[in-house]
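Listed below are the structures to be examined.
In what follows, subunit A forms one complex with subunit B and a second complex with subunit C.
Presenting the complex of A and B:
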């Protein structure tokens, strides 16, 4: 079955292009320390606002920071977002979805009403709200737990962004998983497992879950692009990742004044284009997976 | 097959009822009625026999099988298996009891987990009941089981979708046999298969019965198959057993008008004989099990119905030794 899916996926041109771009994106994120030409935090006030040139490929900004190195390093931020946020929201979605779908009854009502409430807020606005609300608490917490170095590096912002995005992302996944469980738990192979005497927990995990995962994988992979866009929006508005940690959204926010500047316009255009390319690439992979895993519905 | 006269009772089913509630309302669920899928069955199953259970679609045959195995929790009644009422046991002891009773399902495509290999499907009963030794010994046992049901043990690592319907049904049989049960509910095990494959699976089930001394409750809607495999046959209509007797008597001397109608509908592969016989053609549809008629369940369609049929429910009685029926025609 996996072989068939891969064959269909590999024949899909846009999906393969997406896969190429995403592979490149992760390679850049992993090898960022070797790809940069300067320290991405180094300020050089003697050389501010220079256009693209040989010593600074994408030029320097108003603080004289090397924009090329910042763009490369931002790939790391985006890569962290693309891994941790889906992982967090999938864990929450699995926990609540399995609980609601398998046990039903009042547990189901409770979980679904909770997800309805979270759904009722406009998504991005809710992320801003959560990010702004939890940030002081998280900073304090991290310091109390003794991770001072962690806090000094500005990694608290990562935790805040990941948590906010995951808290908004899980209800959709929980609903999907619940729906899968509701339809699968009445299938004959589940009854066959009950007749054998398989425990409820094992039925949920070994019989239902593996059969429920296909649409979940499609939804998670299709959602990564949106997650990266959401992080960029947060950082654009200044409530996401903070300097010195770079992010494409933050750079767009910093450099949008250059958009009609004769020599400095690439400072805005390059991070924007890369951001769009990465988001599109993830979306194409999601669509490709959807078609490869559900051939009858496409 | 077995000798009925001196048989020992393996299972005693008393007044078994399985109602599915009908509810209304989204937040506050109001109970507005019941689907009476199984409505008061009483019968015995002898050790080593095959009891056939026939009836048209929706009459509650499969529900009966599932309620006996406690896959549904029966609304009322008792299922006494070797002296113990299994409707009252729960949890771990019920799980242990499941070793003794297994099920073969109707749809060999739906009853096997598509994400598990054949080896894992057949080994799972051994694993969850912690029998059959270590992983390696279990694997040997699985290979033996595949051999027993006529599958090549070489296929142990394949997935269900790589097999034909008949082969998949054999996998289901192997899984049911893994725990060495005494009693197997065969829920229309051949109705999803091609005719040529049906005979193979029937023969396999008969061979296994002899080899392992199994007792079957064989659910089917195909009368000729039931006649072939069963020692005794129970006929169901709308959640109740209307007639129960040995297979020879049932075909030679059916008492209940519903049984007579069913038997007259079995095709005879002889045009002359087929033209000569009297067909009993039933009018109308089966009433809804949510709202069965007053009196006898069959009174709305019975060609021989008379006054008491519309008033009181006929008693399920033994009219001649071993021949039970629920019909006012014989209640004098």
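Presenting the complex of A and C:
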């Protein structure tokens, strides 16, 4: 099954290209400290707004910061987003979806009404709002838990952005998983397991869940590009990752005045291009997985 | 059908109430208050206290919420009186006159120097602007804005919503007009060069976020080619009056201003529509009833447009609801980049300004749009596919 899917996936040129770009993206994110040429936060007012050159590959911005290093570190932020947000929303979605789908009854009603309400909030508007609201609470908890260094480095922003995006992401996944459970739980293999006295939780997790995962994998992988775009939009509007945390969205916001500048326009275009390339790569992988796991659909 | 619509509309009530309550509580959990700063300067504490009292921020939360929902006089079970041809509502310890709330000190209703006397005495020195108050959301009054002095939320939404609506509607139209034909062509000529190029452009379309698309468009068409204006909107409010009742309205100017923001927003939608139409049409053409239609010897165009297309629109229509949400979020970035005075911009500002009434008002309007869009989608389902029935 997995072998078949991989064979179909590896024959898909665009999916493999996407996989290559994403692999490169994670490598850059992992090895960011060794790839950068300067501290991206270092301000050098003697050398501001220089175009691309040998000592500063992508030039410097209005504060004299090295744009190349900022782009590289931003890859790490985007990589965190691409891993933690799907992980957070998938865990929430799995928990509530399995609960609702397997147990049904009032648990189901409760979970579904909760997701109805979350669905009624208009998308990113809600993310923005949540991000702004939970930030003080999160930074307080982090400090109370004794992670003062963590808070000082501005890592709280990451927790806030991940939580806000995951809170919006889970209801869709929970519904999908619930739907899968509803259609699978009366199948013969489940009845067989029940008949030989397998415990409820074990049936749900070990018997039904693996069979329910295919559309979930497709949905999660298809959503990663959008999640990265959402983080970029948040940071662009000044609500997501804030300085000193690096983010491509923030760079686009900082540099977008350069579009009319004769030599500095690469400052705007490089982060934009990389952002699009990464989103595109994730979209290709998502499409490739969709086709590989649902061969009858294409 | 009517029964279904009524049931659904009634179902909106708890959902919208939950959204408003949730937003209300969370908004007040934001650190800092709306009056901490005036511009860059911080205000003296007494001024802040006065302003907070004016907008009832010193009241307990539940009282603030009921006052927001149903208005002050109903919150306090006030009795209604006519004094000098004005409606005066009086309850224990307070009075509402002309929509303004006054605290009562014994028999005298007074506040901040304004003297106001009730019962046997005369009412004078009334300043309707003195106290912020509203008739409540349920009676269509979203209250005063905290930061835009002298403006109510209704005023702000009245000005900004039509712009966001024009932008969003045009973007969705563009998405439909490009996306559905592209999807049909791609599906009918599956695995041809048309299919591959349409599919590729569609993937590109979903992958380029508006915060990248908009600057690129501006760079090409405004900066380098100077064909289109880089910012602002081609019409002024009130839009209906200015655009349709004014014979000299400059439509060319309007559309040259609209092209870039609409395109930056709509191209992503067209990509979504194209992908969905293609996938769905490919599935539908394998159905038995299509084989039957072909076996009957119907023309291929009839088979495609009358039999296949209509049914393949179901998934396309399904995304309409969530798409309205995307219109909203898209509009926040687009409005920011093109400097448009739309609702999205005010939402962002209201969060940073802690302007709770604007924040709540915008959230409420968007939620209403979203739930109505979802209802519309369900109604269209029944029309597209007679097998779907709700009764």
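Things to note:
The rule is short, and it goes like this: the second predicted complex is superposed on the first by the 298 of 298 C-alpha atoms of A that agree within 3 Å, B and C clash if a C-alpha of one lies under 4 Å from a C-alpha of the other, contacts with A are read in each partner's own complex, and residues count from 1 in each chain.
Criterion: contacts are C-beta pairs under 8 Å (C-beta built on N, C-alpha and C of every residue); 3 or more make two chains touch, one makes a residue touch a chain.
Since the model is a prediction, treat every value here as computed from it, not as a measurement.
After alignment on the shared subunit A, the placement of subunit B and subunit C results in a side-by-side fit free of clashes. Once chain A of one complex is fitted onto chain A of the other, the partner contacts of A:207 are limited to subunit B, with no touch recorded for subunit C.
Look at A:137: by the touch rule set out above, it reaches subunit C but stays clear of subunit B. Once the two complexes are overlaid on the shared chain, A:187 sits against subunit B while remaining clear of subunit C. In the superposed model, A:195 lies in contact with subunit B only, and not with subunit C.
When subunit A is checked against subunit B and against subunit C, the one touching more of its residues turns out to be C. Least inter-chain distance for subunit B and subunit C in the combined superposition, rounded to the nearest angstrom, is 10, based on C-alpha atoms. Considering their complex, residues 15-16, 18-19, 22-23, 26-27, 29-31, 203-204, 206-212, 215-216, 218-219, 223, 279, 282-283, 322, 324-326, 328-329, 332-333, 336-337, 347-348, 351-352, 359, 362-363, 366-367, 369-371 of subunit C touch subunit A.
By the touch criterion given at the top, residues 14, 116-117, 120-125, 128-130, 132-133, 136-137, 225, 229, 232-233, 236-239, 249, 252-253, 256, 259-260, 265, 268, 272, 275-276, 279-280, 283-284, 287, 297-298 of subunit A touch subunit C in their complex.
By the touch criterion given at the top, residues 66, 69, 71, 94-96, 98-99, 101-103, 105-107, 110-116, 124-125, 128-129, 159, 161, 172, 175, 179 of subunit B touch subunit A in their complex.
Only residues 1, 187-189, 191-199, 202, 206-207, 210-211 of subunit A touch subunit B when the two sit together in their complex.
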